[in-house]
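There are two complexes below, and they share chain A, which is joined by chain B in the first and by chain C in the second.
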Partner chain A sequence: MRARDVGLASCHSCGLLLHLPGAGHTHCPRCGSAMHFRKVNSISTTWAFLLAAMIAYVPANLYPVMTVVSFGKAQSDTIMSGVIYLFLHGDWPLALIVFVASVLVPLLKMCALVYLLISVQRKSHLRKHQRTRLYRIVELVGRWSMVDIFVVALLAALVNVGAIATIEPGVGAIAFTSVVILTIFAATNFDPRLIWDR
Partner chain B sequence: MVASNQPPELEDVPDAIVDEAVKGFPVVWLLPLVALLVGGWLYYKTLSEKGPAITISFETAEGIEAGKTQIKFRDVSFGLVDDVDIADDLKTVVLTATMEAGTAQYLTDASRFWVVKPRVGASGVTGLGTLLSGAYIAFEPNTTGKKQKSFVGLEKPPIVSQDKEGSRYRLRTETLGSLSVGAPVYFRQFDIGEVTDYQLAADYSYVDVGIFVQSPYDDYVRERTHFWNVGGISMSMDASGVKVEMESLVALLSGGIAFETLPEFAGSPAASEGAVFPLYKNRAESLARPITEVISYALKFTGTVRGLSIGAPVEYRGIRVGTVKNIMLGKDPQHEGVVSPVVVMDIEPQRIMGYRDVDDSDPSRREARALETRPQQRIAFLVEKGLRARLQTGSLVTGQLFVDLDIFPDAEPATVITGGLYPEIPTLPNSLQGIIASVNKILDKIEQSNLEETLTNLNVLMVSTSSLMSSLERDAPALLKEMGTTLQTANGTLAALEATVSADGEIGNQLQDALKEFGAAARSIRVMAEYLERHPEAMLKGKSGNR
Partner chain C sequence: MRPMSLRHPPVRSYSELIACHECDTLSQIPTLAPGRAARCRCCGSVLLRNPKGGLDRPIALYSAAFILLLLANAFPFLTLEIQGRSEVTNIFGASRALYEAGMGELAVVVFLTTIVAPALLITSSLYVLLAVRLRRPLPALRTLLAWVSQLQPWVMLDVFMLGVLVAFVKLGNMATMHVGISLFAFVGLILVSAAATSAFEPHLLWQQIGYRRGKPHAG
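Right, the complex of A and B next:
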């Protein structure tokens, strides 16, 4: 039995338990927060964030994340070219880390969210436990993708030695930040309870 | 009822307040839209910033790196080499490059590409900067011409960039000499241009040399400008001695061209771009007036013509009027079946200044004009007046000969001999030959005079002298005897004389006495003189010793 089945829901803000009518917008009489059984438009909002993230993922990988200007010679690197560079220079463990954190994780995260959304929309009853665990992993891992952005931001701020070496963040960095943030939003907006709704 | 089974507290659960329904577009869906818009804008921006992709082919890709080598114009990046590939025929290297946006208009069939790398040439070292930065591809934009995307790169940097102002000309020369591309062009020893290219003419009959003269010096190139080669060292030996000429050290290494416009041609119109000029071997040759009209004459010499070369000058009283054209053997008109040297010379009437400048209007000058304007007649006239040709030594050092024309009024009268291949001007032997002839004449005279008679006379003289001597020889002993007696007598006389004169002799004693007396007299005179000196009054009063 779910709280929803007896028309009950607690306020997100103050925790007050309320009777909710089946339809219509309601709010908490005590604190004034909007009241819902489930996150409002969870699937649609998640889809919106997810789609935006997927769109941003393209420039994030095609445009240079940072440009190193050294002795008047500028070298721009995308995420993948950086990975290839590291791999070719023998730093394959580092290459692997960058690849996993910056390419694979956002991609898998988006795939996972798509899978969750579609499965919920199709009211699938299969592997509800696994799906819930998947959701928890997605939510947990999401913020770690920001490491790349922190590195670029730090380097851009620190390495600024004029003609000898300057590091400038590229368009790709902004796009990549957008991907990370948008996927975090998408994950937050997804209501895992929907997995268990019939 | 389900509700009744609920714990009573649940009944107290208050109801949520129902809001008015707010229907509308979910704002969150603007996000993908924004993402789409931004993404689309980025894509568009990249596309619009991306210039045209071009291909350039080179013989080698030395120093070129895909993704690093830039295409620059005036050190501003115009593009980047993306890819280096070998052409399908394996003969060239094809570079694929992305140019900056907005450069499409500069990419025409007149645009040029070449690789800038360190180069060492005769005229200096270039591209040293690329030692550190690596080679780059220089690009010379050109908006004129047909647009294209596939180029053939130059293997060598062009000598003259297209935006340099100036003019290009073509020179024709028989041989290239020491000219090389990039060789300087001098005007009054100012380096004002360069040799841009050279090639053989299609029929191999001449060498076609392209030069570039910078503005504003191209203004000095007129239609009658002379160009000559100043490359290397030019050494010449002729009747005027040995000449060594060198324009500059650079010209010595890489060759060079100089030009000059004679003052009388300074007014001629400026040469048009691409005008063709002859390129002479040296300045003297270039400044020689263009000879278009020659009259050939034959000269027959009886003596040797050793030292005379083809091209030797023909001078009239020291002024050049022609050139020796040919030297050969011909029939000697005086001796049947004998050959003698024949010199063919070209009289160049154009060298005779002023022969055209005769006033036409004056009828009294008409005859003179006829002579002036018709060199053959003039020469015939001069020959009648005594014009003769002879060989003269031009330089004692080199022994080179030249043909000297002069008027010898005393010469045997002669005329121009016509009828042969060339009209013939009578000749005289040269000065050395003249001397030899004079000596010969003297010898002849000596030979012809009565030498035998003289010798006979001399012989007679000798015979008489000889008889005289023999008679002398016969009388000599008697003479000697007499001479001995005479000497003895003379000896006796001298001995007697000696005895008389000696100190013990009679004369001697007398002489000694006389001398003693003389001495005493001298002493008393001295005493008197001394006394008088002390007592001058003695002259009047007499000796006063007694008082």
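Right, the complex of A and C next:
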């Protein structure tokens, strides 16, 4: 038996179950947050954040995330060229982790959210368990994409040694951070219970 | 504590039932032995956990995390040496460098995810746990407990640590790197906060906190 079918709503922040009359709104008597059967405007809000993330994804990959200036020479790195550098000069297990975190994860996360949204809008009955698990994974892995931004910040903080070398963060870093944050917002606004609604 | 508004009629609550937050299936709230978790029989997501050690274990772990957080931010984190010159940085230095490079927005994001969010999560968890443990209805108790679960995805200590490893490899060829005291505290902080999170179940705290004044009749 499912909660909404018998008129019960559970609080988003504390989990208390309440009988909600009709489509009524009330506040949770335990934690005070607004109570709804489902997250409000879940599908359209998720689409909005997701489309914004997709737009930001283009400059995030085209523009450099940082520029290394050493001995008068400037060399710019995009997300992808940074990964390639790690493959060539660093150890490949680390390069693989960074490749997964900063190239694969954002791309697959956006694809997964598109799939979840479209399947929910078409009221699909297929693979509900797998889709719920997919959502769980999307929620968990999103934050790891921030790793490249932290690298840029650390390099900029450390390599500041006057004339020898400086590292400047690039425009791509802002776009890339926007992608990560917008997809995190998209994922938290999606309501996985919609997968199970008839 | 703020009394419940009386504009609404007393609502009926079902304290012996729980709805899965991923598929909305209703289950009876089970009595769990310490260290056990209950999963939704429909979709398999975790409904409720009963971590070992009651309230004392998360209080101890979050106190340790609080001390490590202070240590991690108080001392040098990494030192870089190029041709006799050296540059020292701490965790805050990462945000400051972005700000100084004219990337204020990025600096704010890095500052929030590496310092503010962890600090808020640790202090508010500790505050809530102590309030429940000492049975004091301290102000903002409910708001802070509701916050704790919202904050979790924005705490990126572990991701930052991966960033440190990558920075090590990238700079390894051109400079010598020295590890500061803060880096050890930081690794400890990641491990201790992971243990604290798994010892902390907001659901059990909500059950102990109970309702605001104007308690709804049980269904």
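Criterion: the second predicted complex is superposed on the first by the 166 of 198 C-alpha atoms of A that agree within 3 Å, B and C clash if a C-alpha of one lies under 4 Å from a C-alpha of the other, contacts with A are read in each partner's own complex, and residues count from 1 in each chain.
To be clear about the criterion, contacts are C-beta pairs under 8 Å (C-beta built on N, C-alpha and C of every residue); 3 or more make two chains touch, one makes a residue touch a chain.
None of these values were measured; they are calculated from a predicted model.
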Looking at A:Asn41, would you say it contacts chain B, chain C, both, or neither? Reply first, second, both or neither. first
So, A:Tyr63: does it touch chain B (first), chain C (second), both, or neither? first
Quick check on the superposed pair: does A:Ile55 touch chain B, chain C, both, or neither? Answer first, second, both or neither. first
Where does A:Leu154 make contact in the superposed view: on chain B (first), on chain C (second), on both, or on neither? second
Identify the partner contact of A:Pro106: answer first if only chain B is touched, second if only chain C is, both if each is, neither if none is. neither
Determine, under the contact definition given at the top, whether A:Pro29 touches first (chain B), second (chain C), both, or neither. both
Count the residues of chain A touched by chain B and by chain C, then name the partner with the higher count. C
Would you tell me the residues on chain A in contact with chain B in one complex that are also in contact with chain C in the other? 6, 8, 16-19, 26-27, 29
In the complex, go through chain A and note every residue touching chain C. 1-4, 6, 8, 10, 12-19, 26-27, 29-33, 85-86, 89-91, 94, 97-98, 101, 128-129, 132, 135-136, 139, 142-144, 146-162, 164-165, 168-169, 173-174, 177, 181, 184, 188, 192-193, 195-197
In the complex with chain B, residue positions of chain A that touch it: 6, 8-9, 16-21, 24-29, 34-35, 41, 44-45, 48-49, 51-53, 55-56, 58-59, 63, 73, 171, 175, 178, 182, 189
Which residues of chain B touch chain A in the complex? 2, 6, 10, 13-22, 26, 28-29, 31-32, 34-36, 38-39, 42-43, 46, 133
Any idea which chain C residues touch chain A in the complex? 2, 4-5, 8, 11-15, 17-19, 21-26, 42-45, 78, 80, 82-83, 85, 87, 89, 93-98, 101, 103, 105-106, 109-110, 113-114, 142-143, 145-146, 149-150, 153-154, 156, 159-160, 162-167, 169-175, 202-203, 206, 209-212, 214-216, 219
